[in-house]
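Across the two complexes that follow, chain A remains constant while its partner is chain B and subsequently chain C.
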Partner chain A sequence: MGKWTRRAFIGAGVAAGGALVVGIAVRPGNPIDRLSPLVAKGEGEKLINAWVKIDADNIVTAIVPHVEMGQGIFTSLAQMLADELDADWSKVRILEAPADAKYSSSHIGREFLAPNLEVPEILEPTVSGSFLSLATAMTLQITGGSFSIRGTGQRAMRTAGAAAREMLIAAAAKEWNVPASELRAENSMILHDKSSKSATFASFATAAAEQSLPAKPKLKSPKDYKLMGKAIARTDIPEKSNGSAIFGIDADLPGMKYAAVKAAPVVGATVEAMDATSAKTMPGVLQILNMGDFVAVVADGYWQAEQALATIQTTYSKTEGDGLDQEALFTRYATMLDEAGDTDGDVETEEGDVGEAFASAATKVEAEYKVPFLAHATMEPMNCTAWVRDGKCDVWSGTQSPLMARKTAAETTGIAIDNVAYHNAYLGGGFGRRSEMDVIIMSTRIAMATQYPVKMIWSREEDTMQDHYRPSATSRFEGGLDKDGKAVSWSNIHTHLFDPQEAPTVPYYNIANHKIRKVDVPTHLRFGPWRSVDHSQHGYFIESFVDEMAHAAGKDGYAFRRELLAGSPRHLKVLDTAAKMSGWDNPLPEGHGRGIAFVPSFGTIVAEVAEVDMTGKKPKVTKVYVAADPGFAVNPDGFAAQMESSVAYGLTAALYGEISVKDGAVQQSNFHDYPILRINEMPDVVVEIINGDHKRLGGAGEPGLPPLAPAVTNAIFAATGNRVRELPLSKMNFA
Partner chain B sequence: MITLNVNGQAKEVDVDPATPILWVVRENLKMTGTKFGCGVALCGACTVHVDGKPVRSCSTPVSEAAGKTITTIEGLAEEDGTFSKVQQAWVDEQVAQCGYCQSGQIMTATALLKNNPNPSDEQIDAAMAGNICRCGTYVRIRKAIKLAAGNTPETQEA
Partner chain C sequence: MRAIVRASAPILVIALAACGTDPAPGPTEQIVVREPGEATVPNVEAEDSLITIGKAAFNTCIACHGIEKGGANKIGPNLYGIIGQVAGAAEGFSYSEALASSGITWTKEELDSYIANPAAKVPGTTMMAGAITDAERREAIIAYLDSVSAN
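Moving on, here comes the complex of A and B:
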């Protein structure tokens, strides 16, 4: 199978769908013999099952198969495991799972292939096993899609904790010669109340590891949770407050050198000619490499490499992307949408007869919206360190997909995967960017051309100009209202994006006739998942148009959405909560406005109300109220932090975010022309969490983002009467 | 050779005097808490103190620090590791997410409180506006600075 992409995965899922139905089976045998050499090498450490080890000092280590990029996932996943295990939280440690196929995130396969599959509870702990072979084959070990808690946490961490608890109890029952039913676990101890006996988990660890894995470990019901649902302090914050946290860019090896790189500005172009005359003689410069698609300077220090790189003159080959400007791209989108007319394009969902309903509607509403490309702009510029020698390869970076990184390094170097080690560190921001493998490939290629470990660091300019961008897009709507202002038809056609497939759909809104279509519009720029992926564009499109329909119906945006959500009490509760938090009906001063938006995504239902002050030179967002129902928030403070973060990320995009193309190349390069929201522009954020369904959990990292832009633009409309149909807002003339 | 005083210790480095402090600290002195973000003093991730004043180390030649004291994030805690008031406030308010920008944020906040032990909301925003946080931890940064200010009218560096 080729390079993994979300879209390829969905495609593969169709082919593999049969396996899902027939492949559900109890995972065979306890894998600890195979896994122990990877994760339990320390003296006295005993691996109980794939995800739990206990050492002689009764320290429990949760092994988490996800990466920490700021979402607090290490802590939340350990919380879930430790709660089921009844471990003493103060004695819990966390270890990131190694980049090994045995720790691949098979649950992501399940979520992508069959997101709504209802599995009988008895099979819930084992169902992910059915995906293990598929996911292993696809070399997944990815963190993304807001899946970690709802996938790994629910299906692996909790099950592993409960299984380990049962194994420890079984071992204690045997040693004490009492029925297991008389034993319980508490604070990393096994207790026998009748005899007042107690002993540490550690004293039974060896015997427990020899127990067979329970086929169906009993999970706690919410009333028995001790750690889940609590705002437990994140374990990674102290080291991120004293400079000791190690990120990918902090890799340090004996004899390490540094590489600065510059890729062809137009994707697909190659270096035709290079003049490095002066660079060669500059201090510290060791090697100048023409790699075809990029130039690298390797030097004793990064600054020396950068200085030398700046003096190199290059010319590039012509490509199809040359000559392409942003306006031409939008024109191309418009042409494709025009050509699709009323009937062509790929139908994504259809119900009723939109043609008939729209034709006979009392009020017709039409609108077109546009959004630009966006870069991720993680604070830690892209980087990777690699060392190739003696038939071995070691790679150090921060990636969202360690297993894929290892496989990529093996493929790039031609070294057998068993001789390739991938070492992951904290990610200085991910947001989807670090699921791409470009830096792994570049860095290992540089390493092959050198004899020492080389740390390749992208300048901010490279990071901005060589991203895998959130696609720009155009979306057109036609909506019909009956004479009472009730929505009767919803028709949408948009340029094709990425995934998830449900992003353009509105199944939660009660509109009898709807039809949603897409057209493919190829561009030469590289696309990539960007926080909330397609929901980032469609959330803005959909919630802007809902607001336009409300206005056309002569109704308030909140009241109109209430009608659309009638019969969905869980959705209504979220909407009502946001409105109530904001004091929706309280008047605001002249020039101020309030806007509401509602977007369920990644399993979490979110409504946001934004308040804007339009009395100054540019829009100022003063407050954002977030009501969110993730089913159950495992760590409420961590969840709230992700909502705050999504507001900031979404507001940056709404106010400023714009990557544009000129002559095929990205025009923006650093924070002066790709600005990021700063603290003086940050609104107050108030978050209220609704625990609406303890069984099926939603995500946290992404769902707070999609409602933000439309809440803001709807507020601008409320304040000024100006409808914002194109982002970013910095393009609007507010004078 | 350039002689530097970093976190109270004398260090000798053999580098081009034009080398930015950032790379000297990270590569020569192996103190990686100070981060590279933009290279042009736009984001604040590289903030260190030179003679107590916050500077952008990515754009300040090391020659400018000769004979002066440099304080990095590694120099804020006490010798036994006890966090400074600002650092402790960062933990108490659970500020960091990815954490990459936080060394710079903490250095800027520490300098702010040294000069203005009780900053207003506007003063906090003004002082911190040069430090970008892509995770958007700004709400908590404000709270942490207020907490640190309340705890310690005379915030000081260790």
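Moving on, here comes the complex of A and C:
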């Protein structure tokens, strides 16, 4: 095995049956001393994980350290690996990596920095966000932050594929006694054109593991891509179409029972007393548990547990959240913003002198925007199955962070992590919700009490009322225009900042003086990352205010943004593409309007144009044009699907999404009062992808969302002259 | 297949919340209405064949094991053709070192003693479920596995 980087290098070994495995290896003496079961023992060096395996029957298995929650990542990551390997796609299989620290994001970042890639990117909080920064990613094996392709795909999957390919070629060169330069790989075969020799990868698998490795596996340039950039069908389509796909909620074990749960309606309260007189007599009931912060009923069936739970009378402790209503919360935000005045609060970015520039501006624009809390409303209800017995713990669920789930189960049960197994399945929607560990903790606590396996399923009501919410927030702006209508100052103060840190900033807009501040306002509801996280509100705030400035300047929203992006050709191209796709200058019928918005996030630049029909009782979004530059779309069909789904998810929030608080508790409980976009409300979505820089890949899962709401509200303004300064739109009276 | 609700009086357990941080607090109140008992096997009619019983019993295994020919491995390996195979043979499945190196050939007898208590037969196996105590149930599952593979 060849040495590669300082502490870690590409390693290879031979697994049972003569399979070649390639992954990260460590030299003797490295503190990471636990072996992968796949490892071949040799020279004291240890393979600590594996990204690819080539079996004796020439099947290539891509081992993917991310979870599949509908975003199609299994296929795209396998495409990246298989392309560099020159594998036959029909012989590629995909396996989700186990919940093991050896696959954690920190290994990708810290141990596996491929020298020929842009290494510092992973350390930039502006790229990966603090949510995924190394400090927090150290112990995580997380799928989120639109990170999988630009992180794992670029840094691990491609390099492993390229390394395996070079090793196979080296082995073939030795066996055939020809220079390696005369050999090539194609369709999982090694070919020697001069002698017309060919053989399968598998025939060199054992010998390949013995080859010394080049310092840097050479990655392909885009002209040589065979699989990357192709709209390859997702491998999970058949099983998700015929119903055989296994999700977390499908876990089934011998002797498994079901738990229904109800938590205190006000977060932070505890169950003071529980009257289970009726529940004890109901069919199927096995146990009734007061867990302090929630009540659980364990029964033979879920319905029985749910029915019995509904009869339990509970009283709760008093908390500081009691008596708090949504209006009071917004008043609290306003007071905090008032108190910060023109100078206080935490400065996030500052350039020039906004005070001076605003004071001397020819035109002054001011506005305040508000957004509500949002729930995730995943299709698959929150659930987790746990079995704790004899010093062992097994947990089955679908989570965005399998390793964290395993650690959480270990900490919750007090059982050593080596005796805790976490089994991940497909996620029926994540959107950030399944990066939280609450269901893992609750179900293992229940299972500790029962000692037999229990599947805990949340009702839709619990899901809606006990989520970790996108925060409600208020944002205030002051903008200055000179006499020519050019933006000269941009001042913003807003409540809350979670992640990504750059979400409230506008470095791509050429405005000489800008200052952005925040004030932290405590709320008792739990924060959770919600698809695109802080960009979800700041995209709306920023792009609404840009539109207001354009209007004040007497300019068209598209033309005004063009001026602001004049120095950034890559950004400008995305904006121009969206405008062109929409036929921006073509007139629309009376009562219809067109709006544009532009938000780069998670490494991908996106502009959207929405068309809205305001002639009915409520806004109808008829068309959404999406232009997006992710650097390079590895799977264009998958990328376009993420843009379309961001439109659906974002439009749901813009039209209806509102979680509000009354007397400390969430008021909404199910789809009747927390509606999801219906199919007849779905606009036509047209996506155009721009491959602007194949070396700097962006994400796909989130960046389509932030421009959607402001594109729609700007279109409403164009159609009606009504400026929407508070979401959701269902609150507005358009009559 | 519903377990019989027994008329036993509920047992009330009051436990104090655990001190310290580790592990998480148990219930402040635990009412055990009844134990799950063993009546989770379907009450199969006499004329049902062993394979039919085994097929129903295998429902508890399918969370982790596929059975179709060429089917994917899940949490556990695909079990098509398992009878007569050498342990660790399913393509593409990451076996524990313990099982892969066990040298077992899966005769019906070997399989029976394994699923009776996997961890006892092959210490270090990652198979967490299993431990099927009912011998007839094991026989039925094995008969079912054999019947599927024979097709």
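As a working rule, the second predicted complex is superposed on the first by the 649 of 735 C-alpha atoms of A that agree within 3 Å, B and C clash if a C-alpha of one lies under 4 Å from a C-alpha of the other, contacts with A are read in each partner's own complex, and residues count from 1 in each chain.
Note that in this section a contact is a pair of C-beta atoms (placed from the backbone, for glycine too) under 8 Å apart; a residue touches a chain by one contact, two chains touch by 3 or more.
The structure displayed is predicted, hence computed values, not measured ones.
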With the two complexes overlaid on their shared chain, look at chain A and say whether chain B and chain C clash or fit. fit
Under the stated touch criterion, which partner chain does A:Y452 make contact with: chain B (first), chain C (second), both, or neither? second
Between chain B and chain C, whom does A:P254 touch in the aligned arrangement: first, second, both, or neither? second
Identify the partner contact of A:E478: answer first if only chain B is touched, second if only chain C is, both if each is, neither if none is. neither
For A:E348, is the partner it touches chain B (first), chain C (second), both, or none of the two (neither)? neither
Quick check on the superposed pair: does A:Y649 touch chain B, chain C, both, or neither? Answer first, second, both or neither. first
First (chain B), second (chain C), both or neither: which does A:I246 touch? both
A:A276 contacts which: chain B (first), chain C (second), both, neither? second
Chain B to chain C: minimum CA distance in the overlay, Å? 5
For chain A, what residues appear in both contact lists, the one with chain B and the one with chain C? 246, 250, 252, 283, 301
Of all residues in chain B, those that touch chain A in their complex: 15-16, 19-20, 23, 27-28, 30-40, 42-43, 45, 72-74, 76-77, 81, 83, 87, 90-91, 94-103, 106, 124-126, 128-142
Would you tell me which residues of chain A are touching chain C in their complex? 16, 37-38, 53, 55, 57, 59, 61, 93, 95, 98, 246, 250-257, 271, 274, 276, 280, 283-292, 300-301, 387, 392, 394, 396, 411-415, 421, 423, 441, 444-445, 448-449, 452
In their shared complex, chain B is touched by residues of chain A numbered 69-72, 233-234, 236-247, 249-250, 252, 258, 283, 301-304, 306, 377-381, 426-431, 457, 459-460, 637, 641, 644-649, 652, 670-672, 676-680, 682, 684-685
Applying the document's contact rule, which stretches of chain C touch chain A when the two form their complex? 2-3, 5, 10, 17, 22-36, 40, 59-60, 62-64, 72-75, 88, 91-92, 94-97, 100, 126, 128-129, 132
